[in-house]
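For reference, the structures are reproduced in the following blocks.
Paired with subunit B in one complex and with subunit C in the other, subunit A is shared by the two complexes that follow.
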Partner chain A sequence: MEFLQVLITGLGQGCLYGLIALGFVLIYKATEIVNFAQGDLLMLGAFFAVTYIGILDLPYWLGFLLTIISMAVFGYLLDMLVIRSMIGESQLSIIILTISIGFILRAVAGGIWGSDILSLETPYSGEMANIEGLVIGQEYLVVIAGTIVLSVILFLFFKFSSLGIAMQASSQNQLAAYYMGVPVKRVFSLIWAISALVAAVAGTLMAPISLVDPQMGFIGIKAFAAAVIGGFGSLPGALIGGLIIGISEQLAGTYLPTGFQEITAYLIMFLVLTLRPKGLFAQIQQKKV
Partner chain B sequence: MRIIFKTSYLQDIKLLKHNGYIFWYGVLLFALLIAPAVLGEFYIGEMAFIFIYAIAGLGLMILVGFTGLPSLGHAAFMAIGAYANAYFLHKGVPFLISIFLAGLISFGVGALITVPLRRMTGIYFAIASLAFAIIVEEIIAHWKSVTGGLGGMSVDNPVIFGFELDSTWHFYFLCLAILLAVLYCTLNLIRSPSGRAFIAIRDSEISAESMGINLSIYKIKSFAISGCFTGLAGALFAHRLSFLTPDAFNFLLSIQLLMMVVVGGLGTVHGAIFGAIFVGLLPQVIAIAKDYLPPAIGQFPGLEPGLFGIIMVLFIIFEPMGLYGRWVKFKLFFDMFPLYRKATFKRQKTYLKTERVQ
Partner chain C sequence: MSDNILTLRNIETYYGPILAIRGISLDVQKGKIVTILGANGAGKTTILKTISGAMVPQKGKIEFMGRELQKQNPDWVARKGIAHVPEGREVFPLLSVQENLLMGAYVRKDKKKVNEDLEVVYDYFRVLKERSKQKSGLLSGGEQQMLVLGRAMMARPKLMLLDEPSLGLSPLFVQDIFNIIKRLNTVQKMTMLLVEQNANMALQSSAYGYVLENGRIVMEDTCENLMASDDIKEFYMGIKEEGVRGKRRWKKRKTWR
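So, the complex of A and B:
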């Protein structure tokens, strides 16, 4: 029983990692930029949610909708105004650029909302679901359900909508996509918007579980491990990587001595990278001369 | 404008290219030597701090700037060097041997950790090194018998041949001496075959491999040397802090080190020094500026990291060659005087630098 309980908590946590990793992978696949500020986008999303729902006292769903719209706009503008000028620069410059953006976002969030810890009241928080003797916080079930819904929407979007197909095209070969009339620049900005939107959803789902403060974005570092385990180019891989990490972390926290919970994610990542240097679901092959 | 006639091949790898170098670096060295007699104790302490950063920066520059492997985990080597030094000093090992051992252990760890990392490039390498740093931080926090765990660990003053280095200017000269030694090693390394191999790997792994460079061995070498220098910096940093706790060596320190080499100018030895000066002085400048700014801005809670981020973004976008690049442009302007063309350093904009098969 205890095992199942741990498993479901891990599943919820893993879904959050998976969602953040999904944001990394979306951007990386399309633009080869690794967005180290993804965790801070999540933090910003959580703060928006707290502002709309907690402070302005809007109904939960309206607040949720406003949060994801605000974050999508933010992501779009971030790419249009800052990141776009860096296309073609070395990977290292872009890594440092996004890390710096993370610094700025954290400082700005600290300045606007203060460094006090806030929490988000939701219609479902504090309730316990009792399923055949298993007592699970509703928050975790909502996270799992939310992740499934979002994944299905993203899958349908990339599979069937013409914009989604244009995105796939420009991530496979920019030049060819350009020749086919895909507005690659705008598509990239839209991918940033989607990625920020995913981060906003993750942030809103995470806010009731953990507390909201400017440092919560550091969860993004663990999500990196998830994305790497999944292969960094594969969307399902990112989710599966997140689940692997979330579950094994909870198991390690319960059954192994203290200290292991923090590093399980990285140990698994090292293991996977040593055995398969490109991750479990590698899609990107090495460059030729 | 100065024209140097090359009369022998060895001239190409001379450290001091002409008399101008000898004169100006001589002046600099002289100024550094008499600085403790002229400046106040606070400034001497800050300069020693900058030297420590510069040592770590040189170590990181070998890896990031010359071998092209972006490490996000160099705080781990500082931690290893610091704790190793403090531990051996506690055990009664003389300072010179203990700092040597600290460097050696960092060297060994650097070599060992590259074995799983050697096949990774770019982003995978960055994330794996980040994970390595987090694992090291956790090990330090839990290995209580050696590191004192979260409770921390005090550091004894260094003693060289019975002479205790307890005042600020003693420490200043210790840091300066080690910085000069590391600087000399780095310069020699870069003009040796190994250094050339590093640069070849940075520019293209595939071409380097085709030229007969064994990627694994040179990556291991680069990481080990880089770890060793950073470990030395960590050993000195331990004396500067005088009390070690694991959270002094967190992710932010790694980022600070990386920002240092980028702001200074990637791929140049000068860059590491300029970056160290920049990173060392920035907090002081911000602290002074705080008094003059209106309170609404001056008391802004995240002012320092925020400003740090903004400066980095501006550097990356507008001056990717860093402070040293700015200096080179400035010098060339006067060297060439009326003939300087603005487009000399114009960046070649590539449509896309891809790492994938196209």
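So, the complex of A and C:
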């Protein structure tokens, strides 16, 4: 029983890692930029949720929707106004740029909302689901359900909508996509928007579990490990990498001496990098000779 | 002439610090195949990239059906009806063959006609139909070349820019590709600007030709006349007239030098 409980908590935590990792991979696949501000986008999303739901007292689902929309717009503008001007610059300067965007977001969030720890009240928080003797916080079940729904929507979008396929095409072969008449720059901004949207969902789902403060974005580091484990280029890989880390972290926390929980993510990343350097689900891109 | 679909006037394009195109003017007439011959580095690809907007000319004017193209983005140019088939088989490797073809029709709104055209393309390229569900990265080189040609057809362009469609293909495939190019021209009345190193094939399938050397056009004529010219025979088609001692006379030079 205890094992199952730990497993489900780990699953919930892993879904959060997976969602952030998804954001990393989305942007990386399309633009070859590693967005180190991904965790801070999550933080910003959580603060938006707290503002809409906690402070403005809007209904939960309306607040959720507004959070998603605001963050998508934020992601779009971030790419259009800041990142796009860096096209053609070296990889390193773009990485430094995203790291500093993270700093700025943290500082700005601290300035607006203060450094006090806020929490988000939800219709389901505090309630326990009792499934055949398993007692699980509903927050975790909502995280898992939310992740499944979002993944299915994203999958359908990328697989079947013409914009989704155009996004795939632009990330596989930018110039050829241009020749097809795809406005590649706008498509990249849209990918940033999706990535920020995913971060917003993760942030809103996470807010009731962990508390909301400007430093909560550092969860992004573990999610980065998840993306690396998954192969940094595969969307399902990112989710599965997140799950692996989430579950093993919880297991380590329960069954291993204290301290192990914190290093599990990096230990697994280390193992994967030594044994299978391309990650578990690396997509082997057929490059032309 | 009024039936010119595309005109270039005094185009100069830099490739990095190098002036790759040094004042080129050329015309493409509606319904014709026009070819540009030239060796490696002569600037053929740069011309096509300049037309499709991937490179920006320093000087000069490009006019396509009454619109100026220079300084436009490649996606804008594509929407106006120019399909660029880049060299080196630029497929979307992780998309299926069918998804690749549908990407060609990305800017089109008439979904019904798109499906009809898909059948037309499959009729031209039987292999693609057999492999329509496969990832295009797994196709052979020749099949990928067919795929990018088919993808360009899906756009129903008014002008196709073909960049070395025969590059790296086996002789049999080269013959196939050129048969299809000719068929496209005669059946679909497709206008094409064809860039090739395989002068023999290019001249046989085209109506008019330009010869490019070091970023300048050194010769232009109908393809019949070009094929009859000694210079083209010797330098581009490899047909050499033996001199008295089996060597080239030093006096013999290209007429444009």
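Observations on the model:
Keep this in mind: the second predicted complex is superposed on the first by the 283 of 289 C-alpha atoms of A that agree within 3 Å, B and C clash if a C-alpha of one lies under 4 Å from a C-alpha of the other, contacts with A are read in each partner's own complex, and residues count from 1 in each chain.
Definition applied: a contact is a pair of C-beta atoms (placed from the backbone, for glycine too) under 8 Å apart; a residue touches a chain by one contact, two chains touch by 3 or more.
Every value quoted in this text rests on a predicted model; they were computed, and no experiment measured them.
Superposition model on subunit A: subunit B and subunit C are shown accommodated side by side without a clash.
By the document's definition of touching, of the two partners only subunit B reaches A:F270; subunit C does not.
Once the two complexes are laid over each other on the shared chain, residue contacts for A:I165 go to subunit C alone; subunit B is not touched. Once the two complexes are overlaid on the shared chain, A:P214 sits against subunit B while remaining clear of subunit C.
In the superposed model, A:G181 lies in contact with subunit C only, and not with subunit B. In the superposed pair of complexes, A:V228 makes contact with subunit B only, with no contact to subunit C.
Contacts of A:L154 after superposition on the shared chain: neither subunit B nor subunit C is touched. In the superposition on chain A, A:N173 contacts both subunit B and subunit C.
Within the superposed three-chain model, A:L92 lies in touch with subunit B and out of touch with subunit C [touch as defined at top].
More residues of subunit A lie in touch with B than with the remaining chain of the pair subunit B and subunit C. Minimum C-alpha separation, subunit B to subunit C, in the superposed model: 8 Å. Overlap of the subunit B and subunit C interfaces on subunit A comprises residues 173, 175, 285-288. By the touch criterion given at the top, residues 64, 68, 70, 72, 116, 119-120, 122-124, 126-128, 130-132, 134-135, 138, 141-142, 204, 206-207, 251, 255, 258-259, 262, 266, 300-303, 305-310, 312-313, 316-317, 320, 349-358 of subunit B touch subunit A in their complex.
Within the complex formed with subunit B, the residues of subunit A that make contact are 28, 32, 34, 82, 85-93, 95-97, 99-104, 106-108, 110-111, 114-115, 173-175, 214, 218, 221, 224-225, 228, 232, 258-259, 262-263, 265-267, 269-270, 273-274, 277-278, 284-289. Interface residues of subunit C facing subunit A in the complex, by the touch rule stated above, are 52-54, 73-75, 78-79, 83-86, 88-95, 99, 102-104, 106-107, 135, 137-138, 148, 151, 155.
Taken together, the subunit A residues at the contact with subunit C in this complex read 162, 165-166, 168-169, 172-173, 175-184, 283, 285-288.
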